[in-house]
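Okay, got some structures for you below.
Presented sequentially are two complexes of chain A, the first with chain B as partner and the second with chain C.
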Partner chain A sequence: MSANGLKNRSGLVKLLPYAFILPPMIYLVVFMFWPLSRQMYMSLTNTRIVNPNRGRFIGLGNYERLIEDPAFYVSLKATLVYTVLTVLIGIALGVVAALAIDRPFKGRAVVRAILLFGWAVPGVAASLIWLWMYNERSGVFNRMTELLGIGRFSWLTSTDYALGSVLAVTVWQVAPFVMLVVLAALQSVPQEVREAARIDGADGISTFRAVTLPHIRPSIQLAALLVAVWSIRRFDIIYLLTGGGPLGSTSTLVVKLRQTAFEGHELGMASAYGAVGLALALMVAAVHYTVEQRRMKRMSR
Partner chain B sequence: MFDRIRRRKLLATAAVAALALTVGLGAGETHAQSSEKVTLKLANSQWLDALRGKNLWAAVTKYQETNPNVTLEQEAIPSAEFADKLTTEMGAGQGPDVAMMQEGLFYAIADAGFLVDLSAAADGAKLNKSNENGVIDGKRLGVAWQRAVYALIYNKPLIDAANAKVPTTVDELIASAKAASAATPGVIGFTARHQINDFSGWFMDFQSWAYGYGVNWVDANGKLTINTPEAVAAITAFKKTYDAGIMPIGDSFPTQRTRFKEKHAAFSIDNSGGTLNIASGGALQSGDLYAAPMPFKNPGAHQQIFVGVSSHGKHQKEAIAFVKWLVGSVGQQALRDASGPDALATDVPVSDAYSKANPWAPTFVKLAETSRSTLIKGYEVETAQIMRFVMQAVEKVILANADPKTALAEAQSAIDKQF
Partner chain C sequence: MMTPRKLAMKALRYTLIGVLVVLAGFPVYWMAATALNVNSQLYGTGQVAWPQLQHLPDLVTELGNVPIGRWLFNTLLIASGGTILSLTLGALAGYALSRFKFHGRGLVGFLLFMTQVVPEALILVPLYAMFITFGLLNSLTGLILANVGFSLPVACFVLKGAMDAVPYEIEESAIIDNCPRFSVLTMIILPLIMPSIAAAAVVAFFAGWNEFLFASTFLMDNSLWPASVGLASFVGQYETPMSAVLGAALVFSLPAIVFFLLIQRKIVAGLTAGAVKG
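Right after this comes the complex of A and B.
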């Protein structure tokens, strides 16, 4: 082969990675970055949903209104409480479930399938089933509480229980996902290290803390990041169960965004709510990144 | 020389003839296009209603019998998503050719300039007063499809079994509902919307309570006035009913309607469209369902649906021709047979046979004479946003035992800031 031919070939080889990365980049630009930049711009306009192309630039007007609106802080608080609790409870239950079914026992496949059920059911279908279970008059929960002699509860219409009820459905959906991720990580924990710890006289909890947990921590961290971001943007379960009520106790940013866009027809203002949600998600990602960097540093020492 | 001139003339004549032929052919093509098959897409949430949807569709598709070149196609959207979907579609320059919209949505779509002038369709039709709000800024942008007025409906055998009276006040309603529940175990006394997750339905239903106590939501100068003694009285009455233990708290309204349909509820406040649904195809026979004026001093509300033609449609001329047929005598008679006692665009009386088979119907017809729109006058496009604050005040009162006067004062303050 001539020198020119070799040169051309090495040039093509250099370009090959770019050729592979081009399709996903085009996809991301068209379906993610472009809509996202449109949304960010829209949050600086007074665009209405019935006339999306005739919005006027109003600078930070929407954000000023947002900051002055007490309902925004109610939404922000509801979003933060909902997200933090979903992550804490969902991760805890998912890890416990993963540890429980990690070891072989009779009927493990069946138990695993049952535990994964919540993750497999579509959010809308699950919400409608839970809506009936929560029904004050005919729901299975109130039938049970009545049998126990503690009376009926307003699961979805009382400010005391609504958030907890929505959380229960969310955790029921999220925990199986966490379980799956952690279970995959558990399968890769070297058996001989566990054995060695046991031979050295370590009890179950100590083995878990010293051997298993460091091994599965990156997976838990990743699951926590995903669950947190999903919780910030979750709509179906909350909207179908409570619509953001009662008294705004479950009115997260996404529920408020829908209300602003479709009831008030204020697409510009709704975009501002979306931008705040995006900022929250990015903050969570930044925390994840910082923690991960520290862990890597520690490991390299 | 002459030959050249003659040749030029010949060429010019040929060119003119060719042009004329082309234009002629073009005109012929245009004519052919107008008689070509066109499909009109009709958006309506009612197409999904059990039985009523089928009957309404059968009524409108009669148009195809006399207009074989037009094919009507359904765009069936669930009522809860109808406004969201239609505003998104039309905002994007798409959507149906013809839409049957709730009054609030109609005003929003008209305000955005997405509806065409229907003067040609209305010309010659004997439109009644239910079409008044279809004229915006002197332009007819909509004609009435149906007007569904609210009334107190009741299951007569259950009321008779309890020896209860048909109530004329809220206190009597509570007493009669309790009596019905006591006489027939498992029966719910009264059903009504009461949850914020059903906001658009709840605020329209609540207008009957508000209007019943004399609320206007605007003062004589057209200023939004929410915290009035009348509004306080309306919320207090609603709270009293809510706390009386006669309502199935937490039930969605479709569930409550199903309970009524299955003979498990004694009283309800519902509109004529909903009542027609209850009276069709359930355990409760239409002959056992009765209606009375609501237990308030003043007339209540009605839900109005308008027909509009989209300016984004490709077949606007054909769509206007369809609306013209719809408000004509043939279209209105077809619609009457499928619409129960709802008021239509023209005065087509409910037949005696229908009234006899459906004893609840005449009350609705009577109440439609004095009922009011669910929209706030002068704030038609913003009504939903304003009523969101009002319904949040109602929610505070019924769930957190807030003082109605204080809750309404807070709503007033929020409204003053925004409007």
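Right after this comes the complex of A and C.
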């Protein structure tokens, strides 16, 4: 091979990684990041659904309307409450479940499988099951409350219960995922350390706090990030269970976006809702990133 | 001999496990039990709390009146198409990230992480506009293209993790022998990470299987509906008996339950890897 050929080859070798990385990245730019930037631009226009490729630039008009619209604050509050409660309850239940089935016992494999049901059932199927259980006339919950003599509840149509009912379904879906993440982390806790703590006379709770918790904390944090981001993104079960109602009490930003766009036909306004949703999701990711960096630094010290 | 305290702890633990099993398992049990009830019980006298297998023929007849077969076929097309595309592109990206240092690597990592944070709903409207322009609205192709944006990165994380575990020496001799790098990937690396490919395939497949938001927005023809949209059309509609609705939901859920339980650890690894690398 001539020297010239070799030189060309090393030039090609530098380009080689791009032959692999460019097709997937171009794909993501075309079908994710270009649409995303168009969405951000669209929030500055008065685009309507009849002609979604045309819209007049109106600056911050949509955001001005958003700030003055009480429905926006209802939606923002619903999103925040829904996200925070899903994270808190989902993490708590997931960790408790993981600790409960961490040590071997008879039938553990079956129990583990059953505990994962909520996570494995598709969202639309989960919505149908729970809609039937919440059914006011014939649902199993109201049959039980009637037997208990406390009457029937409007699980999904009363502003008092709707968000809680949607939360229950959500927790049923996400707690098993938290459990799996924590279970994986628990395997990394050295059994000898736990034994040693116990021999030293530490009771279960102090062993947990001193030995187990530090080991699983990064995983819990990671699970919290994912659950928070999923809560901001979630559409199917909220839309199918309540459609965002009653009186907007479950209309998270994402549900509101879909409705403003395809029922209200105002794409510009819908995009403004979307921008707020994106900002929330990015904030969660940034918090996670900062905490993660700080932990890395502490560990390397 | 167990001390009373230990015995009490043990009892507490098993009670807790029992409660969790009921909370987690009951909805699925109830789905099956409802599917095997007759409707006079469901709406009138009260649902029988256990599945009545003698009503299985009734359920089969009822399901015959629901286009569940066609819906599942569409779902299968959407999920399979998305899986093939995600794995192909995910393997390329995974190999690049696993084997090369290059300019823009950090940017690639950031963009892949972003896909896991961006709400799907945010690109719904622009994709809708784009699909109108290119004639992809109301087509399964358009839907698959939209879905893959979210499943490709997860496939990439799973495959990259598996490739990282393959020692470089294995491909070294092939590279010295001037074997094209693409063939190194397809002939040497990929056969070595088959279990992870299978896991990535399951993740991508069920992302497409379960998807609802894009499908319900982009597909107008009900002959194109996947099962998720078809089943959702039962909401607020009272002609179809609940036993048939939940029977269809059960048929739709079973494959997902089986595969999720089979590869649960791999799915978790894939979903968490992306968030750590950000």
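The working rule: the second predicted complex is superposed on the first by the 274 of 301 C-alpha atoms of A that agree within 3 Å, B and C clash if a C-alpha of one lies under 4 Å from a C-alpha of the other, contacts with A are read in each partner's own complex, and residues count from 1 in each chain.
Rule of thumb we're sticking to: a contact is a pair of C-beta atoms (placed from the backbone, for glycine too) under 8 Å apart; a residue touches a chain by one contact, two chains touch by 3 or more.
The structure presented is a predicted model; accordingly, all values stated were derived computationally and were not measured.
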Now for A:197: first (chain B), second (chain C), both, or neither, which partner does it touch? neither
Tell me which partner A:96 touches in the superposition: chain B (first), chain C (second), both or neither. second
Could you tell me if A:87 is touching chain B, chain C, both of them or neither one (first, second, both, neither)? neither
With the two structures laid over each other on chain A, which partner does A:262 touch: chain B (first), chain C (second), both, or neither? both
Just checking: does A:271 make contact with chain B only, chain C only, both, or neither of them? Give me first, second, both or neither. second
Using the superposition described at the top, determine whether chain B or chain C touches more residues of chain A. C
Looking at A:52, would you say it contacts chain B, chain C, both, or neither? Reply first, second, both or neither. both
First, second, both or neither for A:16, with chain B first and chain C second: second
By the touch definition at the top of the document, which applies to A:137: first (chain B), second (chain C), both, or neither? both
Which chain A residues come up in both lists, the one for chain B and the one for chain C? 52, 131, 137, 240, 262
Which of the residues in chain A come into contact with chain B in the complex? 48-52, 131, 134-137, 154-159, 239-248, 259, 262-265
In the complex of these two chains, what residues of chain C are touching chain A? 9, 13-14, 16-17, 20-21, 23-25, 27-28, 30-31, 34, 42-43, 46-47, 89-90, 92-93, 95-97, 99-102, 104, 108, 111-130, 132-133, 145-146, 148-150, 152-153, 156, 181-182, 185, 206, 209-210, 212-213, 217, 227-228, 231-232, 234-235, 242, 245-246, 249-250, 252-253, 256-257, 260-261, 264-265, 268-269, 271-272, 275-276, 278
Chain A partner, complex, touching residues on chain B are 83-84, 87-88, 90-92, 108-109, 111-114, 188, 195-200, 248-252, 255, 381, 384-385, 388, 392, 395-396, 399-400
Contact footprint of chain C on chain A as seen in their complex: 14, 16-21, 23-25, 27-28, 31-36, 38-39, 42, 52-53, 93, 96-97, 100-101, 105, 111, 113-133, 137-138, 140, 143, 172, 175-177, 180-181, 184, 204, 219, 222-223, 225-226, 229, 232-233, 235-236, 240, 253-254, 257-258, 261-262, 267, 270-271, 274, 277-278, 281-282, 284-285, 288-289, 292
